[in-house]
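Both of the next two complexes hold chain A, though its partner changes from chain B to chain C.
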Partner chain A sequence: MKKPRLHRERNYGTIYALPIALWFTVFFLVPLLVIIVFSFLKADVDGGVMPLVSLDAYRNLLRPRIFRIFFNTIWVSVVSTLITILMALPCAYFMAKSKAKTFLLILVIIPFWTNFIIRVFAWKTILESNGVINSLLIGFGAIANPLPLEHNWIAVIIINVYTYLTYAILPLFSTIEKFDFTLLEAARDLGASKIQSIVRVLLPNVKAGIVTAIFFTFIPLLGSFVVQQLIGTKDMYMLGNEINDNIYKYFDWPTAYAIAVVLMLLANVGLLFVMKNDRKQAKAASARRVDDVDDGPRAPRQAISVAGGR
Partner chain B sequence: MKGATIGILGISKAFGSFAALNDVSLDIRKGEFFSLLGPSGCGKTTLLRIIAGFEQPDEGSVTIDGINVLPLPPNRRHANTVFQNYALFPHLSVFENVAFPLRLKNTKNSIVTAKVNDYLHLVELGDHAAKMPSMLSGGQKQRVAIARALINEPSVLLLDEPLSALDAKLRHHMLMELDAIHDKIGITFIYVTHDQSEALSVSDRIAVMYQGDVLQVGTPHDIYESPATNFVAQFIGETNMFEGTVRASMGQMYVLDVDELGRVVVTDDRIYEVGERVSLTVRPEKLRISPDEPRVNGRSDINVFEGTVDEPIYSGFQSKYYVRLSPTVVFRVFKQHSDYTDEEHDILWKERVHVSWSAKDGYIVEGHRN
Partner chain C sequence: MQKKRFSFSKTSFIASMVFLFVPLVVLIVFSFNANKAPVLTGFSLVWYQRLFTSSRSLWNAFFTSITIAVTASITATVIGTLAAIGVHWHKFALKTYVQAITYIPLVLPEIIIGMSLLAFFSGSHFTLGGVSVNVGFRLNLGWLTIFIAHATFCLPFVYLMVLARLDEFDSSIIEAAHDLGATEGQTLLKVIIPISMPGIISGFLTSLTLSLEDFTITYFVSGVSSTLPMAVYGQMYKGGVSPVINALSAIMILGTIVLALLARNFLKYIAANG
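Moving on to the complex of A and B:
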């Protein structure tokens, strides 16, 4: 029997996605493969690689100095991310509730019109021993000798937070803006204190924004190197600096690539963990199917006397 | 009886230059189903939010069982709210939504389970505990919101237009259910609505509000039959309103000279001076419409006017007629359908008819304003 022909909307999704797929293949997938493959080759003396399979690059990573750099990278990135998110949350909340949203959004974005390195140097003039802060404090007689604000972890973390605050505020702002603030009133009404209403109602409902903000902050921080180079000391080197040095100073490309591969794995562990969590929740949610959506009028119960009473 | 008395004394509230409430005072009794009724912008929701603690009044006081609650934050008041758009927590299941107030108090798990199940049964949602709010229909969401607001055993339940998001049939059903829940748990309900039929059918008493003022407080019967102002008469149900002058009085019977209509008799137990300007209201269902002149049998307390049917509107259980008595005067008349009628034929468009009513069915609106 012939099936009746149905009008069906053709799905052109594949075709629409083609340009970006091509772009990603050429400029993302191929370089990624190059990085992975090259990390398993032998370094040439003046840069580049020799077509010889070798684990030298990974062996190079098993040194106490690299372990220390590894440790630095992790704790500095984690602490910077935590501070950034903790500062971005109230800021985004305030922006989302404000009547001058667009204006505040522009204020947050404006610093991006200035080159990043120039902004880091600006921080240098603020933090250095004869910089703005120290001059003011000495001028007012609050301190006799300049505070050591430069060349230390505090300086690096301050600038990291400053740099990534915008990246954290933007996704948080866009999720909190969609949040229904009557839910906070409902929570307060039901007995929650101000803090309880934020922790138990606001935060779970803007989780997606928080996760995005963490990714936008934590992952670039793992590979950062400029701030440490300009403001820090050699003791504050992170993996990003090590990659930089291996390419430009030691001409050891495979080691640089091996560090990049380890960094990627590190970043993806977090990503996979969050995605797995989300999928679990989605599965649990879809398991709870709607069995009757319709709850139209049913027979009035005995307790209800429509005619009597009033 | 459980529930609290609520005293609202001299509450005023302005938003910028807009006066939302002007010196509003109300006494709400223990266990009462009390409605705040009025058109949007009348201040009824603002008043509810002041009782709940979401707004602070500029002046006045709010007491629950005699205790001034204005210094207390919303979470420390024994009043819970059912919000207009339910305000269910989307990240929590139905069970956890209802359990929310108990979780805040770190209640033991076994007690939470028992109590939540009790309240889910009260609103007939026992089978839906595990669902997320997004999977529920409007009516079901409303029930969850009610269960959640009741589980703390408040002495007052505040309902902010709780049925406005539901369709007409479900709305009526939920209203009856709210009434049943009120009868069962016996706490004070303060119900905000702009729908006069909702307010009339379930309230013990109603406060009619308009532009930040309370115009009248009374039982549904009082408010419908004896409206305090022209606005109340016109807002609650449909009515025919006239202006006129008192011409003569004989005991409780008054003869009015109604503008553009002439002599009308009306009974009223209040005292009016001859020459006083008054408003007269007659409800459309109290008018009798007939093709032939009604037999008055010499009674002097019947008003009869002749006019032309402008437009008959058939609406199932009744017909509505617009009867034109003069170029500017049109009567609204409702007539119930039944076989037991004394007319020979149906009333048609453009037909000459008689409209009549007894003096007792007219009502002089005292507060000659609005």
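Moving on to the complex of A and C:
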């Protein structure tokens, strides 16, 4: 069959796309290549590099301390992501079914308009030893001495969840919103319990949104460093802190670049894991013939797209 | 009829909203606190007074943040919209490249974008066989580098949102415009841009939000120039944040709520008329 003819005689595509291609080449691709290449060079004294190929930077990573940091990074990111998604799912479901969608959306976005660091500061005010919670508890006579709410893993994870909850709700909302809720009723009519109908009908259908929510939460978390630095302790440092320290404290930039390369690999392993799972389940679900399921690689794109089409 | 029962999703939503808003409420409450320490001692407007009388540098930081958010968002919106239009209607050599390269930032931890730009703007230099070699783009860290970084991480969002809007549209409208003799420029201004408007607006608003929210990338490319988040970070790092920050945050939170409500009415208007 003949493909429908493009409607333009002249092709302006290159002209339209040239600015973005130039911008991303100069300000994204080249910088990325710079750090990848420089991670294989020898460190100079002042944060620069010497034109000598060296694996020093990677050798610096083979230390027990870095292994612990690596382990911290993974488990904190995974746990924070899981909690975030589990909180975001019912929220998104409620929003999608609500009549006041725009209002609820704005409600979810408002905290986001306050800079991340100011929100971390607010949490510090809440959790500090003479902070809001402790002074309330002491005021009511519930405790005599302040509880150590700051500088522990729970505080770090709470703030992580706080930071990424909105990132997770938005893509989930836009996919659940497209979901045909009569399918749930059908499942209920056919004898499924409420939980069964949600797990076996709703969740497989909004897979793309879940994958995107995981992307938007897990990937930035892998590189986080501020919360551990300001609310945690040195024992809680993650790869992001190690990058920060290597740049601003030790002035060993190639090592920072090497950690960045490890982070990129880690992000992509996480990605492949999510997408592989996704595809496996998509196969299982293909009998049910639903859209959006086998969309692993395109998932984030799609959820952003859905948000844009609104 | 089923009786109204306990709703898990509603309860979760309300709990999550409390979770999201409690820190903001705390910020606002402490902006009216008479004491500097995080212990409520009494009502006072002293921090607001200081904010408006002796906080010039804080205001400068605040306006720098706003200026960067607006300019970076406009830049991202223009470039991203053009790219979406090109990719949607044309086939060309750069197409796959554009599609791939706007996707990668979404799957990279933001710290990597920040530090790679830092490396790039630091213009790493070394001598190779007696010749001084410069890699990168030596720029003093400051307003310009933050602007570039922000426009960069906002671009993919605008591009994808406009693209999505265009995907929903029947392209025969464009063909009709052309058949009726419209030039490329006329079609762009009178047909394509108006129909992509909802996508363009959500792209722009998303950019503004991301820019105002960002800390990680700004941290690496801001140098000594102070934006609001850097000012707050500096004070936190040293251990004592002045409650003047609370006062400014309170004003910002109330300001954004007002803006959000205005934007909502605006979006409703667009939805009703577009």
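Definition applied: the second predicted complex is superposed on the first by the 252 of 310 C-alpha atoms of A that agree within 3 Å, B and C clash if a C-alpha of one lies under 4 Å from a C-alpha of the other, contacts with A are read in each partner's own complex, and residues count from 1 in each chain.
Rule of thumb we're sticking to: a residue touches a chain if its C-beta (ideal position, glycine included) is under 8 Å from a C-beta of that chain, and two chains touch if they have at least 3 such contacts.
Owing to the predicted nature of the structure, the values given are computational and were not obtained by experimental measurement.
Once the two complexes are laid over each other on the shared chain, residue contacts for A:P204 go to chain B alone; chain C is not touched.
When both complexes are overlaid on chain A, the residue A:Q196 reaches chain B alone and has no touch with chain C. Looking at the shared chain after the overlay, A:F94 reaches chain C, while chain B stays out of its contact range.
Set against each other, chain B and chain C differ in how many residues of chain A they touch, and the higher count belongs to C.
Of the two partner chains placed by the overlay, only chain C lies in contact with A:I219; chain B stays clear of it.
By the touch criterion defined above, A:D46 lies against neither chain B nor chain C after alignment on the C-alpha atoms of chain A.
Looking at chain A, you'll find residues 300-301, 304, 306, 309-310 touch chain B in one structure and chain C in the other. Residue ranges on chain A touching chain B, taken from their complex, read 180, 182-183, 185-193, 196, 200-201, 204-205, 207, 285, 288-291, 293-298, 300-301, 303-304, 306, 309-310.
Touching chain A in their complex are the following residues of chain B: 52-54, 73-75, 80-81, 83, 85, 87-91, 93, 100-101, 103-105, 127, 130-132, 135-137, 139-140, 148-149, 152, 169-170, 172-173, 176-177, 179-180, 183-184, 201-204, 220. Those residues of chain C lying in contact with chain A across their complex are 7-10, 12-13, 16-17, 19-24, 26-27, 30, 37-40, 65, 78-80, 82-83, 85-87, 89-95, 97-98, 101-113, 115-120, 122, 124-128, 133, 135-137, 148-149, 151-152, 155-157, 159-165, 167-168, 171, 174-175, 178, 184, 198-199, 202-203, 206, 209, 212-216, 219-220, 228-229, 232-233, 236-237, 241, 245, 249, 252-253, 256-257, 260-261, 263-264, 267-268. Put simply, chain A touches chain C in their complex at residues 6-8, 10-21, 23-32, 34-35, 38, 44, 47-51, 87-88, 90-91, 93-95, 97, 102-104, 106-126, 128, 130-132, 135, 162, 165-166, 169, 215, 219-226, 229-230, 240, 243, 247, 253, 256-257, 260, 263-264, 267-268, 271, 300-301, 304-310.
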